[in-house]
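Please see the structure below; I have some questions.
Per-chain numbering from 1; labels A, B, C and D assigned in written order.
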Amino acid sequence: MNTQRSDTTVAAAPAAGWAIELEKINKRFGAVHANKDIDLRVQRGTIHGIVGENGAGKSTLMSILYGFYTADSGTIRVNGQVQEIADSRHALALGIGMVHQHFMLVDNFSVLENVVLGAEDSGFLKPSLTRARKELNRLEQEYDLEVDPDAIIEDVSVGQQQRVEILKALYRGAETLILDEPTGVLTPKEADDLFRVLETLRDQGKTVILITHKLREIMAITDNVSVMRQGQMVATVKTAETSPEQLAELMVGRRVLLRVDKSAANPGKTLLEVQNLVVADDMGITRVKDVSFAIRAGEIVGIAGVSGNGQTELLESITGMRDQKSGTVVLNGKPLALEGDDGAARARKAGLAHVPEDRQRMGLVTTFAEWENAILGYHDKPAYGSGPFLDIAAAKKAAADHVKLFDVRPANINLKSSLFSGGNQQKIVLAREMEQDPDVLVIGQPTRGVDIGAIEFIHNEIIKMRDEGKAILLVSVELDEIRSLADRILVMFDGVIVGEADPATATEGELGLMMAGINKETAPRGLGIAEQGPLP
Amino acid sequence: DPALIYDLGGKFDKSFNEAAYNGGQAWKAETGGNFVDLELQNDAQREQALRRFAGQGANPVVMAGFSWTAALTAVAPEFPDTNFVVLDTVVDAPNVQSILFDEHTGSYLVGVLAAMKSETGSVAFIGGMDVPLIHKFYCGYAQGARAVNPDINLIENYTGTTPAAWNDPVTAGELTKAAIDSGADVIFAAAGGSGIGVLQAAKDAGKFSIGVDSNQNYMQPGSVLTSMVKRVDLAVQNALTEAADDATFKPGLTILGLAEDGVGYSVDEFNEELITDEMTAAAEDYKAKIIAGEIAVHDYTTDSSCPL
Amino acid sequence: MSARRPLPRWADIALLPAINLLMAFLVSGLVVLFVGENPLHAIQVIIYGAFGYGDGFGYTLYYATNFIFTGLAVAVAAHAGLFNIGGDGQAYVAGLGAIVVALALDQTHWLIAMPAAIIAAGAMGGFWAFVPGWLQAKRGSHVVITTIMFNFIAAALMVYMVNRVLKPATTMAPESATIAVDGRVPQLRQFLSFFGYSPVNLSIVVAIAALIGVYILIWHTKFGYAMRVLGANPTASRYAGISNSRMIMITMTISGALAGMVAINEVMGVQNRLVLDYVAGAGFVGIAVALMGRNHPIGIALAALLFGALYQGGQELQFVIPGITREMIVVIQALVILFTGAMEGLFRPSLERAFMLMGPEQKTEAIAVSTAKPES
Amino acid sequence: MDLFAILSILDATIRLSTPLLLACLAGLYSERAGIFDIGLEGKMLAAAFAAGAVAAVTGSAWLGLMAGMGVSLATTLLQGAASITLKGNQLIAGVAINMLAAGMTTFLGQTWFSQGGRTPPLGPGGRFEPITLPFANELAGVPIIGPIYAELISGHYILVYIGFIMVAVTAFVLYRTRFGLRLRAVGENPKAVDTAGISVVLQRYQAIIITGLLCGLAGAYFSIAQGSGFGNNMTAGKGYIALAALIFAKWKPVPAMFTCLLFGFLDALQIRLQGAQLGGVEIPVQAIQALPYVLTVVLLAGFIGKAVGPKAGGVPYTKER
């Protein structure tokens, strides 16, 4: 139905011509048919959005265009010329650059080295580095993309890393820039900066292809948008002629509720209390500075903040993964003994469940079958075997239940976890943690990289937990998400809770100011227990 | 056919096992007979090899090396009609001939020669694996050197403590260089395959070395002073002939010493320039006295000590 | 561009290895030809020597016993993400425990001496692996280096112990006193005359028990689960509340104790005394065995049997064909490792293509399941 | 200890550390490119044999060296085919190479020379001779500096000097050239390299070619410089020690040099400490022999801390999950 319309809406060759034309692209990974007969045309000098559920094949398609994968069949035309893009070198030569969903940076290299890698001028590095430094300076000024060329990648924020990726592409003279979920890890401010850059690029006549799950971004910045579902291209429309609701329906194949629907909170007794927590990171730098707050049964407390302000360390410390320097975490009235490298086990036993920020690195063992991941962290429970033995049948039973309850697709508990799409991986983790019936649930970035269908589902589950009387601590860099889920918002800046806000009344602007640490003095210090000491 | 089994060093070690092999070859040339032989891969194969050869009718079965004790003790009673000959160790069974060598007396003589040749008053010994048998070499050598020069400085080193020490010319060479750096100018190598490194290093530094087991004088002509020969070849050759026939087979212990020419020092065209008449005379004198029992050379293996 | 599809499971675990093994023998055959011998005859001799008669098969099993232990040692550590190169040293040092107990108890009965020696050998071998494990867990010293170093240290220690402590004054060879008959592990030939004089002994029962034990440990216990989490993703294991440092130490200890069982086979079952260097590289063969066996007990049992057969068949080859030296056997073993282990992918593409041609409409369902097997 | 004794030890240190250093640098190229290499031992052994054999037959050390490097390279390419092209397990490939070399060298040696696997002793010209640096003799008389220059710095085989020059070359290549940048990148994050339009496979092959050549130098050192002819298993585990040194040095060239010197020094010391007394009691020789290894462990535990290798090491590069 929709393919029809795609032809009528943007059929005639536009004045500026087609930058990219893909025809009947097919790609299989083993048994997975990731791209089926895909057609896509991108007009030069526009920003073209691509949306679709997790695993719809967006990244695969773009990787084919970028020469990282080779299509099994199909044709690619760049600027009207048929091209066999054999590798990324070729794509780069054709003026196609790509910023991958997972950054393609060498962690222990400097920014400069990363930019130069693969685009060196000569056998010796010196001249290339000198030229790149100059060029970076120019690009930085032109696009207002500030980075320290000598900083080491692993030391800089993800936002900065992304700038490096963009600079890498621009340095190579990209005319068409592909961005795969660029805002998944960005703060609102960083995202705004990025969009400004993209608009500048468009104004200069460059072409941008933007993959994102956030329909708001699509509506705000793209000229045209294509929708993919289960390996197929289902529609391409002019952004001006569509609506988020329509896009969502195209993506998922059913109506999606884009707003969270929740009743007012009904808080009970205090379940989690964090008192004067001080935590250092791996390098020994203090990241959490005397943080105190409490969460009561039946409420969701959101922690907002620009990433890198201590949220990660706070979460890891509360959940027993990271030793604290001082302070106490009290759960259900009892202090938790969290020190040692198995603190997480004790936290869980006491009734604290944890959905980590980074599911692939932490929340899952990607080489394990789904059912094995369904008991991660809870494998010691008597429910999964008596004494030292593991009751595989019980674990599989639990996995099957999770899969059913959370609609994990494919519903195959024997499948290796890495073969699930990001959204489904997230559901696997959520199911595991929520189904243990914890008193307190700590969730980091619940919907990072997750498609809107799944987001709707995840948000509903979180609300459901709250309504069952659990205490929920939610950390997210998505201000929207915090605002729609949380009952109270704590804003964290530089390791300190700088203020508390009511999601119903606080505006995005106010929150943004607090997140930037502006009103440190004037903002209310918030909760009762936080009154205990002066600011450090 | 008779069988000959070498020890782990392998049959071409330029030293002990090779001497046994040469004995076999000499026997072959002499009698026109044929023998089967085998190199071991590991210790576990010893019993297997013995049973295999005895079982297929080889007689006699000759073994070279002190590591055969346990295997032969186990297997000999199983094959009472087979004659076994073992070199360098003693196995007490009615169908076993054990052949030992008086390495200490032979070493004594090369010690005499070394001390007389030395200008620095310092001589060295580089042993292979650190085991009592090699200490026996050293102890004889040391006594001989002290007999000539009571003040002589003795340097004693071993290439290692595992069987790999028999085959480590690099370490042996380094030990030699170290010994030379501390003043030694004659170095006795009782180190199996590692000895090559000693001979080479001595040659490179313009010093003298002493070979072992086989006559190694040819290996670095002009630098190898002499070799402490242990006539394993003769012993093997004789064993192959005598033990084949129960009439001539001599079960029990046979000791080959200076008197039997079982051990000694070698002089040939490669080293006659190096050994003066005076040195020959002294060595022959000591040899006669030892044979006559006037000089008792202490055997390290009797009490694990070396009184000097 | 032809899309390739994964092989059916049976082809993956049986056909492909068989082809690779064949390839290894083919190349070995060329080497045999090079020395002017008949390769077919050589293969015949190897197979006959390894499996053809009681004695030979007994020897095959005796070697395989060692390789099962060292293979399991490597595999257990590998599941926890640790590369234990120190099997040789661990097995060597375990000999101390075995000999001391065996000599102390050899007037009693093997039913008493053997279990006690198993504990002692396991403790010594385990300790020798625990220290590198502890250093890794607490000090971050790379276990690969420390286990290599511990191999060398073990060699020095054992020479000292054998020469200076355990050797009776009267013996020339560097070896301990001999264990009295009552204290020795019984030989299988005592029950089955089929095995002739071969040294295969009851240790093989311990080996089989170890195979089963490791299987249960890794896939059917909570500890094994935790081990595999650690091996696959140390961050996730910390997230799961698993104490990584404790796991590393315990796993290394188990690994070392398994390697230490070689001492039971060698010291109490075969040599009846402690000799120098009795491990003879079995620890290193264990690496190959574990890798070839995909760290799975069944694979390890098969790989150990293969290597046992190569050792024994190779020995036979030397007896029968004098032109083939012991090094030739090492070459054949190396080629087997190369083709079945490192170059196992050599024929995969062609095989996949062959399967595509044979049955183009493979059931995707079956394929999805086959790729889902957790890789170990 | 007088100056002479110290110089003697340091001199031996240099001699003993050279093959370690060459092998360690060889490993550095391969491991920095993401290929774990426990096959250093086998490659050195193969090279030692080839060098010894060719030098014995032709009487030319240089031809021997070429042969050693050639054979080592061929062996490396075989290993590379297994672990890069066929994406096989890198550790198994290394183990196989080690065994293959151990068997083949002795086997071929026996077949060709009938000396139990040894190659015939080398005549003059077949072996590298120590090089006397300019003015060594003239300066020898100068106090302190003179002996140091004449004994310690001068008078080594050419391969020794090549080894130490290679440290500087490697540091330069690694940190100052395009090749080095790509090499380091491909061992850390091959995907980043691939998406930057560089062939991961090609880059890795280039790296191991250098590994092969350096192992060739190291192996030749054993048979035609330090020794005179090839002997069975003559590398005696040095490949493993070199690997340990590489990890110890955290995969960096200059630290690698110091580590190899340290290991060489301990080895030299060990040789000279035999029969040493401590408080009137003779230290067991085994204790002294174990010293370098014990010290390595202690240093590693006490000072070095966690050695984190190139992140992509050991994993064959595939695009598909």
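Keep in mind that, in the parts below, contacts are C-beta pairs under 8 Å (C-beta built on N, C-alpha and C of every residue); 3 or more make two chains touch, one makes a residue touch a chain.
Source: prediction; values computed, not measured.
Annotation: C-D is the more contact-rich of the chain pairs A-D and C-D, by number of C-beta pairs in contact.
Inter-chain centre distance (subunit A to subunit D, centres taken as mean C-alpha positions): 46 Å.
Each chain gets one centre point, the mean of its Cα atoms, and the points for subunit A and subunit B are 76 Å apart. One inter-chain figure worth recording: subunit C and subunit D are separated by 29 Å, centre to centre, where each centre is the mean of the chain's CA atoms.
Centre-to-centre, using mean CA coordinates, subunit A is 45 Å away from subunit C. Annotation for subunit D: residues 110, 117, 286, 289 touch two or more other chains.
The set of subunit C residues touching two or more other chains comprises 156, 159-160, 325, 329. Among the residues of subunit B, those touching two or more other chains are numbered 130, 161. Inter-chain contacts, as defined above, occur between A-C, A-D, B-C, B-D, C-D. The part of subunit D that touches subunit A in the complex is made up of residues 175-182, 184-185, 188-189, 191-199, 311, 319-321. Those residues of subunit A that touch subunit D in the shared complex are 29-30, 66-69, 87-93, 98, 100, 104-109, 113-114, 116-120, 122-126, 128, 168, 418-419.
Contact residues on subunit A toward subunit C in their complex (touch as defined above): 28, 30-31, 70-73, 320-321, 340-348, 354, 356, 361-369, 372, 375-377, 379-380, 384-385, 388-390, 392, 410, 412, 414-416, 419. By the touch rule above, subunit D contacts subunit B in their complex via residues 4-5, 8, 12, 15-16, 110, 114-118, 121, 222, 226-229, 231-234, 236, 267-268, 271-272, 274-275, 285-286, 289. The touching residues of subunit B, counted against subunit C in their complex, run 36-45, 47-49, 51-52, 66-67, 69-70, 78, 88-89, 129-133, 161-163, 301, 304.
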